[in-house]
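These notes open a run of structures that come right after.
Paired with subunit B in one complex and with subunit C in the other, subunit A is shared by the two complexes that follow.
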Partner chain A sequence: MNEREVLLKRVQVCDFALNDTALYLNTHPDDQNALAFYKKYSAMRADAAKAFVDKYGPLTHMDHDGGDTWKWVDGPWPWQQQEEV
Partner chain B sequence: MWSYDKKLQYPIDIKNPNPAMAKIIMTQLGGPDGESGAAMRYLHQRYACPYDRVTGTLTDIGTDVPKLHKGPEFPFIMRVCGLGFLGDTDVPKLHLLLPARANRHFAGSRFR
Partner chain C sequence: MEYKRQETYQKTTMDGGWKRVTPSAPAPRKDRMVQKEKTVQAEQTAQVERSAQVEQMAQVERSAQAEQMAQVEQTVQAEQTAQVERSARMERPVQKTQPVHMMQMETVVPQLNHTYSSGSMSTQPMPLSMPRPTMDVHPSFAELPYPSVEAMQYLDRESVRIKVNPPVISPLPPVEIEPPIYTFPIQDETECGYCITPAMSYTPMQKWGEVYDPDKGFSRGTIFPELDLPFVGEEARK
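What follows is the complex of A and B.
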């Protein structure tokens, strides 16, 4: 994996963990272990996303960097990657 | 990937619930020529699109419509309707349920 793929993979791993934990928390809203797990991965996700976005452009259009060009429409798109990520 | 924000895209305040109109709106959302189908077409067209700016725009408009469809508006329409989605076979008879003004509004449209 190149660096872009590594940084994106971190975001994907965190999102997957957060997604599954959120489903669990829907039916166990007071489980302190799950809440702590969610908090931990939430912080990791924020760091991972920032590292990716700063270097390789937005994951959502809300990630606009305030610069003088709109990078949201720049390729490559996720399905245009040569390697599996 | 699609994600959900817990807010309305546009404020909604239905003052006069109208089950007949709700059924038309539901068909416009999920029917054979509805917004859901349009959204899926946008999202599939972008895979063959040679221009990044168009790919981005297809992604954005294909994302907005499911947000509307799966947002609070849709269950609200279901509740106003009170009947559930009975399918498009009911659409040709809808003019019998609508007030005259609404029939004039839809005259010449495909809701006949």
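What follows is the complex of A and C.
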């Protein structure tokens, strides 16, 4: 597993944990433990996403850095992941 | 005549016991006569009113029936004339003096499925646009310009629906059909499904406890150990 994969996996894992916690919070909006967990992994996800975007380009088109080039089309498409890795 | 004091008993509903009821003495004879005359007069006026009402109702009904009959006759006549026209249109012989496009429309369009490759059609000059046929066209095509015969060769058969000679529906008297009585051959009433006693379910609220490490949760499909209940299928029996 190369660095790109590691960073991407970290984002995916954080996303999944956040999603599951969000489902819990829908029915328990005042659960402080769940809110703390969400906050922790939300920050972790932001860090992981930033690390990935800085090194390997945007995760979504909304990660556009405001530069002169539109980098969204430069990265591999999902069906090209296995070939390039 | 001497009024005989009557004593009747009524059953009271409050305590289930009996209560003695003494009716008040009747009014004097003169007053009674006056009251009787009044009631007779009232009855007579009521009867007159009733008969007038009945007559009015009968008249209204008669006029409504006559109107309905006239309407039915009109529709039947219209249908008959329409049918005659239709049959005349369909059976009209193809004359050589008729313009070519009229001939094609009236004779060929009802038989769309076996025409356009025939030699007789191809020898005749094809007009580029055709007038709309006089028969009923599916409403979705009613507003479209009718395609030429040339173009229709390439059209899907199903895309051009032409209704020829719709059946004439004559007004029939309504037939009363008795609804069938369904019987269920079920002996035990607990088998039938709707006699089962309704159940109540209780699902406890989830509580925040230990959660998986996010890596493990990612692979297990949930971060909550209490919800990590994989479907094992046949393995459950072993």
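Quick notes on this structure:
Everything below uses one rule, namely that the second predicted complex is superposed on the first by the 81 of 85 C-alpha atoms of A that agree within 3 Å, B and C clash if a C-alpha of one lies under 4 Å from a C-alpha of the other, contacts with A are read in each partner's own complex, and residues count from 1 in each chain.
Convention: a contact is a pair of C-beta atoms (placed from the backbone, for glycine too) under 8 Å apart; a residue touches a chain by one contact, two chains touch by 3 or more.
Computed from a predicted structure; not experimentally measured.
In the three-chain model built by superposing on subunit A, subunit B fits alongside subunit C with no clash.
Shared-chain residue A:N33: touches subunit C; no touch with subunit B. Seen from the C-alpha centre of subunit A, the directions to the centres of subunit B and subunit C diverge by 20°, a value given as a multiple of 10 for the model superposed on chain A. Subunit A has more of its residues touched by C than by the other of subunit B and subunit C.
When the shared chain is aligned, subunit C comes close enough to touch A:A17, but subunit B does not.
Looking at the shared chain after the overlay, A:D65 reaches neither subunit B nor subunit C. Of the two partner chains placed around the shared chain by superposition, subunit B is the only one that A:W79 touches, whereas subunit C remains out of contact.
With the two structures overlaid on their shared chain A, subunit B and subunit C come no closer than 5 Å at the level of C-alpha atoms. When the two complexes are superposed on chain A, none of the residues of subunit A touches both subunit B and subunit C. Those residues of subunit C that touch subunit A in the shared complex are 205-206, 208, 211, 214-215, 217-218, 222-224. Partner subunit B is touched in their complex by these residues of subunit A: 15, 61, 72-75, 77, 79. Across the complex, subunit A is touched by residues 1, 46-47, 52-53, 55-57, 59-60 of subunit B. Interface residues of subunit A, counted against subunit C in their complex, comprise 12-14, 16-17, 20-21, 24, 27-28, 31, 33-34, 37, 41.
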